[in-house]
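For reference, the structure discussed in these notes is given below.
Chain naming follows the written order as A, B, C, D and E, and within any one chain the residues start at number 1.
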Amino acid sequence: GSGPGTTARADGTLSFTVAVVEPDLTTVPVLAAVDAVRRQGHDVDVVELAAPELAIEGLAQGEYAISAEATGPALSAIEQGAPIKIIADVVGNQWALYGRPGVASCDDLDERPFGIFSSGAVATAMAKDWVRSHCTADNRPRYLTLGGSDVRAQALAAGEIDATPLELSDAVALEASEEPAASRLTKIADFARTLPDLHPQTVYANAGFLGEHRDVAQAFVTALVREHARINARPRHLARLARTYLPGEDEADVVRAAERYRKAGLFDAAALTPRNMQGTIDFFARAGVIGRGVTARDAADLSFIEAVS
Amino acid sequence: MTLTATPRRTRRGPGTRAGPRPAHRPGPLRRFLGMNLPYQLLTFAVFAGGWELYARARGGLLLPGFTETVRATVALLGEAELWRALYVSNQALLLGFALAVVVGIPAGTALGRFRQFERYADVYLNILLVTPMAALIPLLVMSMGVGPASRVVLVALFSVVMVIVNSRAGVRQVDPALIEMARSFGADERRIWTRILLPAALPAVMTGIRLGLGRAVTGMVLVELLMVSDGLGGLILTYRGLLKAPPLYGVIAIILAEALLLVSAAHWAERRLTRWARPNEPRSLSASGPRTARSF
Amino acid sequence: MITVHGLCKSFTARDGETVEALRDVDLEVAENEFLTVLGPSGCGKTTLLRALAGLVPWDDGDILVDGEPVRGPGPERSMVFQNFALLPWATVLENVAFGLRLRGVARAERAERARSLLATVGLAGCEAKLPGELSGGMQQRVGIARALAVRPRVLLMDEPFGAVDEQTRRLLQEELLALWEEHRLTVVFITHSMEEAVLLGDRVALMSARPGRIAEIVPVGLERPRSRDISGLARSGEYAEITTYLWERLREMHAEHRRDGVAS
Amino acid sequence: MATLVSLAGGAALWELAGRTADTSSLPPLSQVLGRLAEMTREGTLVGSVGDSLVNLALGLAISLVAGLAVGTAMGRGRRTEAALGVYVHALLTAPSLVFAPVFFSLLGAGRASIVAVVVMYAVFVVIVNTASAVRTVPPHLVEMARSYGASERQVLVRVVLPAAAPLIMAGVRLGVGRAVTGMVNGEMFIAVVGLGRLVTEAGGRFDSAGVLAVLLIVIAVALGALALVQAVDRVVTRWTPTTWKDAR
Amino acid sequence: MITVHGLCKSFTARDGETVEALRDVDLEVAENEFLTVLGPSGCGKTTLLRALAGLVPWDDGDILVDGEPVRGPGPERSMVFQNFALLPWATVLENVAFGLRLRGVARAERAERARSLLATVGLAGCEAKLPGELSGGMQQRVGIARALAVRPRVLLMDEPFGAVDEQTRRLLQEELLALWEEHRLTVVFITHSMEEAVLLGDRVALMSARPGRIAEIVPVGLERPRSRDISGLARSGEYAEITTYLWERLREMHAEHRRDGVAS
């Protein structure tokens, strides 16, 4: 079944829950899509959670119908047999490796502090992957385990570390901040380019929900694809959405960041294909997050995005 | 119960009824039940059974069964990674806690001795007691960086309040007669501190150290969960991110065990160091030990 | 009235050692008698009294009150505690009425009885005070009033004037004797003051320590009523005679005690 | 009075330090207050405070009821103490936050989980203090009551609980402090609502002034709750100082 | 030796009320005299002794010891506290040596002197015990040994035997008299036991309360040395005479006191 969190109402509309994780700019289109579904008469509850694992747990239990965040935990859950399917992209690979001014390649990082997150995280995996392929054996940085992207951004600005992978929004915030060193950060590698098949953040849903309420799920995905299209077409659309859904944020910051996300073409819910889905799975398998043997067919149901166009 | 015989009955009249409640010599079953162990085992069994059943009935990705967790814990104990994490975490714990003790005891004793000082500092102590340190972590990172220093400071911040509050309480309840006695023998303020205040406050200080130790463990894990995902907190994040529930709970169990171990050790040290402070008569009414918690 | 027969009681201390607090205690207290119990510290006086009150179980022997075996606290007995045992959060009036309240006496009657007893013990006007605001002597009088409030026939008193200064003590002794004479109570009065034991008691039960037992019961022939002039009595020849005798007995016991290696 | 003076002094010191230090991590007090005013105007603050207060009140109420009941049982019954003592102490010292996933699994991300975190933070201090308060009730008072034929329940209601009140209240004060911490942490680490949400958001923006502004509110809430408890404490334990003065 | 002249001392209580603890106290204590001070509770006895010890400042008047004004604690005076004031964490030996340690006496000498004094007060063998392991009487003897260890010429004793049971008390009194006879000390001894005041003192200073003042000084003509048989003395006619007189005086004072509305 579709789980305890979803109920069909007498008039044929649904009541279900969407979980978002620490909402930021990348979540805004999802929230806009939820509103679109609501306009069709469905009652959609949005809960904000503190960590993607909590969302996954809720999805697996059927408490939530849809959620969107890190792909890694979703794959882990799927590998363990949880009824979860990836249905769309939420934001492209927004990570890049940033370094202190003057740091351009691995040669500058020999034995230098290099900030990473805990070993399961995608940022850590990407960074290590990059080091493996770009650095020689006797030319290795010294890993320093720090907190999330925001913590690492601060550490980079303060000169505590020489390089670290950052989310786009944190890089933008850092560049805009008053710290003098921050504005001169160098982008050492853009993971969107070096790992083109990797989709680290996706939309996923409870499999039972998808089976029983295909129409609602389709409506959601369609709405999301539309929102993304609108954002890409009109520069100020994302900023306007942000004003609605992230009222507390600083206006200027949001506009600046929105522009960067749009320019980088990161918003494309339909970007998932069987090929890059498999590429993503292979990446996580390489990184040790999941074992080998998960296939794109197990993990994803791309029929929704295919049905949009 | 030892093997010493109960006192020999001098006389037992026919059909005597001994008192309001007869004081029989307890049988072996009663004696076994008189000990703590059976009750501890009982609650443990209830707890483990309840856990296992619940997890089986509606276990999620983040809620493993009890047996799985035990197996994962045992497996973890064989892994170098765990021991490295313990080593890393405990470094911060040790330094931070030492800092808390070094700062907290003098601060607490001074607060207890000088009323005026205390009146002004009291509100800050209250603030320190209720401030959610987790919210301060981003600020701490910004001002102190992510190096070991900020971890140490955070652990210290977590535990120092307990040490201060209890040292203060300890000094406050020093018998003024002892201070007067020392003065009558010509002791100066320094001697009063070293010879009277500190030793007399020791039991309360040790209680503070014990409570502070518990808080320090919290601080250690929290800082790793939020700021530096290394050590035990890092392991938690990793296993959580991978949705590997059994080892996740294994790490939590190990943290709990460490906390309990440290606190027991502190308790033991406390009892060794402050033997004199324990009431040696079960019915003694006056010397019921320091009323530490009272003055929070 | 009270018959104690072959009473034995041991404690097992925390270290597992057994202390024989009472061994084979035999005692008879007649109706309306004032019996004082005198003995060195730790000889088991309090234990004996708690057994009489039905507050502790004992190992062997019987206690009968009016021929009925004692199985717990009873309404005919009432205890005055060495350390007063007043409830520090309750007013003087509430403290005196405590026993009545437990027995379900109605509020108005409680208050009335408590008030009149407070007047009897000279504490009229202190009804609303807290025990902490009273001197030791006043606190003890509250304790006595509380014990009397439940109209007991037996008053068990555990060193009631031990913590009170000598002048107040004399006054309290006189008041107690007056109460006893008026209410025809049976009193078991524990003390470690020889003077007090002699001045108040009809008989003095001398206890020895380790194991606690009744070493001797000494009748006191001083005239009654004594409540008028206790101090005068203390200067009589008869008083001196009994005291000298008791003092020697105690000294012997004390010496034995020390010889047995138990320091004072 | 002393409290106000020293608060004013601290505020002045903060302002001064903030102005001279000139790092983004320690904004001067005026800036923080400005931010606070701004947040109030935006309307985010009031709703969040309301949310948080409901969580706090629920959690605290459960903690008090459960804490007093379990604590009293542990203080009176050796077996209960034996059965629960280890767990209570383990959970008292344990970092409560690691249980966040458990609560989430059991209770979901709603109010229930956050209230559970609040309880987790607050209840054990209350239990431990209540147990030790009940255990240290002067035995002679209990014996006195028994000598007047008090039943077990009468002993508990008329003697044990009143006598234990001061220490119990001390535990409650600690519990309140812990509950506030638990409230913020629950709101930061399970479901992002209330004041915890504001802190998280401000922290994510490197908005020190914002973090400190919310923190000021949290501390104000905590001190308010503490003042309330202290007022109750004063009523419940009016009798203590007088006896203690004489007990020297 | 000690001269007190016009000593006045008030306390301001926490509620702002002023308590006149001592008013215009005049007192002379001769070299090697044993002066006992007797008075009702709260009359200012302890305050007077603390002033003599130099532990509290006073408002007016002078205290001279050997003609020198007292400005603080001095090595020639040494105090025995009512509640013993032993360090609970230190062994008996360390407690006795406490004053010596503060005065910088070397460890070996400290231990030797403490040991010999412990033997004097009958506590040889208890050196390594903690105070909590001793009975009240033994603790008080530790306090006396500590006071004697610094070889004072004046011993100030504040109700030292108040908390001790009567039998032990008598023994301690005898031991104290023997020490005093041997060491030729000057002793100011506070008590609220009339018997004790008479049996120990060369003179009894009677104090009255609110304000605390010396009401009368009564010389005691009992023969010396008395340490051998205090109890015998207590039965002498002379003892009875002085006691009767003191008792009447105290009773008068007590009555005045009560009339003045200050309950006992």
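A few notes on this one:
Keep this in mind: a contact is a pair of C-beta atoms (placed from the backbone, for glycine too) under 8 Å apart; a residue touches a chain by one contact, two chains touch by 3 or more.
What you are looking at is a predicted structure, and each value in this text was computed from that prediction instead of being measured.
Summarising the inter-chain contacts, the pair of chains with the most C-beta pairs in contact is B-D.
Comparing the CA-atom centres of all chains against that of chain E, the greatest distance is found for A.
Chain D and chain E have Cα centroids lying 50 Å from one another.
With centres set at the average Cα position, the gap from chain A to chain B is 41 Å.
Note on chain placement: the centre of chain B and the centre of chain E lie 45 Å apart, centres being C-alpha means.
Chain centres here are Cα averages; for chain B and chain D they lie 18 Å apart. In chain A, 51, 53-54, 57, 150, 154 are the positions where the chain touches two or more neighbouring chains simultaneously. Multi-chain contact residues of chain E (touching two or more other chains) are absent. The set of chain D residues touching two or more other chains comprises 24, 101, 104-105, 138, 140, 188-189, 203, 206.
Those residues of chain C that touch chain E in the complex are listed here as 40-41, 135-138, 165-168, 171, 192-194, 231, 235, 240, 243-244, 247, 250-251, 254, 263-264. Taken together, the chain C residues at the contact with chain D in this complex read 50, 53-55, 72-75, 78-79, 81, 83, 85, 87-90, 98-99, 101-103, 130-133, 150. Against chain A, in their complex, chain B makes its touches with residues 58, 60-62, 138, 141-142, 145-147, 226-230, 234, 237-244. For chain B in complex with chain D, the touching residues are 35-36, 39-40, 42-43, 47, 60, 62-63, 119-124, 126-127, 129-139, 142-143, 176-177, 213-215, 217-218, 220-222, 225, 236, 240, 248, 252, 255-256, 259-260, 262-263, 283, 285, 288-289, 291, 293-296. On the chain D side of its complex with chain B, the touching residues are 2-3, 5-7, 9-10, 23-26, 79, 82-87, 89-90, 92-99, 101-102, 104-106, 129, 132, 136, 138-140, 166-167, 170-171, 173-174, 176-177, 180-181, 184-185, 188-189, 196, 199, 203, 206, 208, 211-212, 214-215, 218-219, 222-223, 226, 248.
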